[in-house]
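The data blocks that follow each hold one structure.
You will see two complexes here that share subunit A, one where it goes with subunit B and one where it goes with subunit C.
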Partner chain A sequence: MIATATTPDARTALLDACARALDHPGACLREWKQRHPAAHVVGYFPTYVPTELIYACGALPTGLWGGSIAVSRANAYIQQFTCSIVRSTTEYALHGAFDQLDAVLFPPICDSAKLVASIWALNFSERFMVDMVTLPERLDSDASVAYLAAELRRVGATLAQKLGVTIDDGALACAIDRCNRLRASQQAFCSRRATLEATMPLAHAAAVLKAGTLMHADDYLPLLDAFLAELTSDARSRRSKIPVVVSGLACQLPHPDFLALFDEAGFAVVGDDLLLGMCGGVAVATGGDPYLALARAFTQGPPLATRHHDTIHRHEFILDQWQRGAARGVVFLVPKFCEPEWFDLRYLKAEMEKRGIPNLVLDFDEDPTGFGPVLTRLEAFAEILM
Partner chain B sequence: MSHFAGVDIGSLAIKCVIVNDAMDIVAKAVVPTGARVAQAGEAALRAALESGGVDPVSIALTIATGYGRKRVAADARVTEITCHARGAVHLFPGTRTVLDIGGQDTKAIRVGAKGEVANFAMNDKCAAGTGRFLEVMARALEVDLEDLGPLSRESTKPQTISSFCTVFGESEVVSHIADGAEIKDIARGLHAAIAQRVIGLLKRVGIEAELTMSGGVARNVGMRDAIERELGLTLNVSDESQIIGALGAALIARQRYLNTGEEPR
Partner chain C sequence: MSPKKLETTTLTQKVMRDYYAGCREAKAQGRKVAWSTVIMPTEILVAADVEVLFPENHSATCGTKGLGPALSELAEAAGLSQETCSYVRCDLGVRMGGHSPWGGLPAPDIVFCATASCSTVTKWFEDLTRHFGCELAVVDMPYNFSGSITPHSIDYIVAQFEESIRRIERITGRPFDRDRFTEVMKLSREAHEYWRKCLELGATKPSPITTTDILVNMGPIVCLRGTQAAVDVYRSLYAELSERVASGYVAAGEERFRLFWDNIPFWFALGSLSRRLGEHGAAIVGATYLYHWVREVDPADPLRSMAREYSTAVTMNQSVAHKIDKLCGLISLYQADGLVIHSNRSCKPDALGALDLQRAVERRCGVPVLILEGDHTDSRAVSDAAVQTRIEAYIEALEQKKYGHLRVTTHEIHASR
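The block that comes next holds the complex of A and B.
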């Protein structure tokens, strides 16, 4: 129905900064540390850790994403039938790629993440502090909120002590405000996905969101907001493209060349939940106990393969995107050996099939080669939907 | 009279089929793919034209399919999934499931009555459950690939090959040879191992009769026996099984030309 336009400057500035953050994370960190010599850097494993606590320590939160590294040394620690992100991040860590970090926080999103957290704690704690933010399983009880508030207080205090700072209420309020603004802008970006599609294909849109987990919000937000302010609709249509929704786990993304195949196969991605775990979530309330507010916001966040609600269901989000984008099909992107996502997939497919929604499952790892069969699958799916 | 060409660029062979307005196959050719795919694609088309005495000017539309479809000159490109489905339903109108075991990959396809694809699954990057697996094992057994199927029919004491993986499978074959097992019995075990693998793929799309087998491996009687034994149903297999993808491409070319009135080249 609509296509979009922004001045090339806002779009280019945003994409260039994001590409640099993704392609040269080490160099970007070094530059940031030069500009902020007294500040610290805290890495975090996807999907959820309270970045507010990291900002409140005056530190830069930076996501640990792994990548297309040939895994060899990590094989001595982690079995091969484990998802690629835990293997590649560990390989990077063994090569010293994270030695600039002062601390690393892990969420217990799955057995693999718990395993890698304990391997890192055993092997790397002389280089940086390793801690686990132990999240509650049940999300619908007041006891969970109270428990998580206490856990966040503990994590904040441990981190602050390690970094030699204190977290005062003012700093935490300021950090909460910053992260609320970041989430709001990223969600505005996501909710305009269908509009965005004409000028920004999936691979670039995913890069923009991913870069938001690497860059400091104060550097990233002005670029994103400038882009959003100039994003206007025009009358050009995407008539020749096939609208689809893409759904996948929020903790691992396929290689950009893999995501670019959606364009090559003739799809317009009008909705996705690819980075919902990192960028989704409700605003944290201000005023009152900030730890309780953070805990409450976590329990109200969107359902993910790694965060199940009893009353809000993941397929409802996909269906909503499907309806709003007038999509013709759904493509599930599932990391190889990812237990939470394969567990959800069966139910998600059943929900789609119940409604007669055509769907395709593509599995992936971080290997940057051999995309020919993926393109064939996507093109065959396009031929079904034509 | 107009003609329509389908060129299926497989990893080992390029298949070309030419059909006329009435959907009859008027010419076909199979040439090795080799390293120069574009030239081999042209050679396959030339060979088909010559074999059927078809005037090149009468070719109204050419569609390329197969893994190398983007590397040859054609009016349009369609995936091998869609083309195999179309070709299989043309030869066996009752087809609801297609199994294509090719040199490098294997596909299970569920189809509707008009040959449209309803669902499909493809094997992963590795050679397990493909023609390549058989090729490697034939070499390990020191028999010609073509003899592997007939040999397996003579088996009296089938051996078990438990590994799907080509590398581990080859080690198993070697250890069976060392234990003095007969080649015919090992061959039977190999076909059973692939059958189990491809049936897993078929189950992902749902098996509905009739099941038509396409691709070069369909010519292997040992493979067909193994699948039929496992599934308890009879497969549709045509003498044209190797060219079903190219046939589907040619039929889609015809359909597109007649529906859209695209101008001849």
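The block that comes next holds the complex of A and C.
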């Protein structure tokens, strides 16, 4: 019997709001615009786009997550050997789903994302502004910080001009503070995963974090903080479950029904680097040059498949999660056609095997069906770990 | 007229043989050997007297010998997904003991990776450092989303060049010789200039050189920029092409259709593809790929000029809009009747945008565009029958467009008997 670790009210309020944000993004956006008629909405392709810049323009940042849409029109723009999120977001864009947006920002997370940004600029610029926050690929050089600070200034100025506003340092400091609080609460949420498992399986935890990329922080944070305030430790919760670490890439998450299979197969996810892109990273320093502070914080973030660091390596992060959570295995979730993640997988698997850590690789796309074999494989893995 | 052998090819082959022998000798003598991506400003390494080898070039050569599938299978057995670039799979296949026409490459002491071609190379070169236990220097060249390079991007790249120079000084134990660097840059500029002039002559109608012949002579501009040998090769090629143009020499036989090629070639089918097209009087007269090496470097401002040129010359680091403009310009320069785009599943940075490119070129240049699905080295991903069918349909479209009717070829008359 699993104990309930919060009052149903805070939990239900949080989950209901998140479910609504995820299931009806268009309607939520319209409502938000009704409540804030003068404000703008800026979409961003997941992930690593500093939303501070968007908040500093007085706009609502909203993540463009793709989803389970049948891709047909996008086939005239993007070949089928690309990952599903770049194809599904393009399909949504072609259906006009993002026409309410004033601008869209892309990060150059991988070759596909760079090119898709460019394809959007070519085809959708009349609907909304398309720009790229050209993040550095290296996180291990002082030169990256100076470069990124200048790039953030450029993007901030371009965006502000497009939206007819100005970004002053006060507005940016305020946005940094808001995003710092958001990040801190989301990280507290993640670090209490062991307790959370009692009431909130991986699929729901992912939904909570993902909704944080769609809702305005001022609407979202009170709900999350209320939930965290009432969360009590419950050591019993995990006993009957098998602790595992899940590794993946934040820019594409499996379908909620796929994530729900972890719970069904009897796993407790005690650590991950899957949701990192949505809440990882250090607090941005306040007080000095805000652009430099944002840039520095980005380069100090956790290791990512799509960024290079000479001395900080991703397998060490996963091993750390594994140790802290006393996990028994690691599950790698790899998006189909995602080159960076397929490259990392080979090395990460080798590092796990070197240490005798059992691991399972599952590939996925956004297709909402056909999860039967996935459950079978998870159950077989659970048996090995028991 | 039977095709004349290009005399420069003999010189190129000798230069390349000497270069590989030199690298092996350097390794044997304990001198430092680096591996690098092909879009890295290796002039810096040449000036530091470090021998440089290029795994992409090695993989392409494996591809021309038809080794792609066998090497890929070895790489896949070693855990690398088939969804990754097949250049990487060829390289890993050789590192796993597969056959290489060159017997593999001498192990590196350091690897250099510039991201202008793609982000895939970073993952590839990270794997090389794990494999060889050597240092990795990444030179990040941010994507030029707006079509032109930003001043902060240039500053960033230059700062990384300086970092690389300090690394090289540490590895070689010698101070970097700036005077020698200026000399190397002068040679690099000269080789680049001759290369550009050769391509300009190559654009003449009718073509004085086949694209296959240009590809065969590309080695020095890819591997030996900053050396006298590269200057010698392209000076010779330029002289030979000038003569050919002056005498009206025609390299590709009948040119009923002059076609331009986009993306990396099908390395394993260079000859068969041009024969197939040749049966219909079609010839590939130029390729975007050749223009990745058209740059204007400035010995008076070496680091900044290389930052700008290396970052922007390749279409992979440029916006699709920029690529469209570039291709439209080249199609008009070559007076091409059509464009063939290789939708290369192994090179997403060059393949994505193909559908927009097709639409834009058809609209702006008024020439038919063919998209061929393929892979530059892994021939398992290419359907020969599909390629044949698409080429035949395309030739019909070209016939209609250019001559307003369909031509029955001798080949078809024989086939229908």
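In this text, the second predicted complex is superposed on the first by the 380 of 386 C-alpha atoms of A that agree within 3 Å, B and C clash if a C-alpha of one lies under 4 Å from a C-alpha of the other, contacts with A are read in each partner's own complex, and residues count from 1 in each chain.
Operating definition for what follows: a contact is a pair of C-beta atoms (placed from the backbone, for glycine too) under 8 Å apart; a residue touches a chain by one contact, two chains touch by 3 or more.
Note that this is a predicted model, so its numbers are computed, not measured.
K.L.:
Name the chain, either subunit B or subunit C, that contacts more residues of subunit A.
P.N.:
C
K.L.:
For A:E383, select first, second, both or neither according to whether it touches subunit B, subunit C, the two together, or no partner.
P.N.:
A:E383: touches subunit B, not subunit C.
K.L.:
Considering only touches as defined above, state whether A:P373 meets subunit B (first), subunit C (second), both or neither.
P.N.:
In the superposed model, A:P373 contacts subunit B only, not subunit C.
K.L.:
For A:F343, decide between first (touching subunit B), second (touching subunit C), both and neither.
P.N.:
Touch partner of A:F343: subunit C, not subunit B.
K.L.:
Quick check on the superposed pair: does A:D99 touch subunit B, subunit C, both, or neither? Answer first, second, both or neither.
P.N.:
It touches nothing on subunit B or subunit C.
K.L.:
Taking the superposition as given, does A:Y77 touch the first partner, subunit B, the second, subunit C, both, or neither?
P.N.:
After superposing on A, A:Y77 lies in contact with subunit C but is clear of subunit B.
K.L.:
Once chain A of both complexes is superposed, is A:E151 in touch with subunit B (first), subunit C (second), both, or neither?
P.N.:
second
K.L.:
Taking the touch rule as given, give the residues of subunit A at its contact with subunit C in the complex, in rising order.
P.N.:
Its residues touching subunit C are 76-79, 81-82, 106, 108, 110-112, 114-119, 121-123, 131-132, 134, 136-138, 141-144, 146-147, 150-151, 154, 306, 308, 310, 336-340, 342-347, 349-350.
K.L.:
Sort out for me which residues of subunit A touch subunit B in the complex.
P.N.:
363, 370, 372-373, 376-377, 379-380, 383-384
K.L.:
State the interface residues of subunit B toward subunit A in the complex, per the touch definition above.
P.N.:
Going by the criterion above, the answer is residues 67, 78-82, 105, 116-118, 120, 122, 124-125.
K.L.:
Over in the complex, which subunit C residues touch subunit A? Could you list them?
P.N.:
The contact residues of subunit C facing subunit A are 78-81, 83-85, 88, 115, 118-120, 122-124, 126-127, 130, 136, 138, 140, 142-143, 145, 150-153, 155-156, 159-160, 163, 316, 319-321, 343, 345, 348-349, 351-356.
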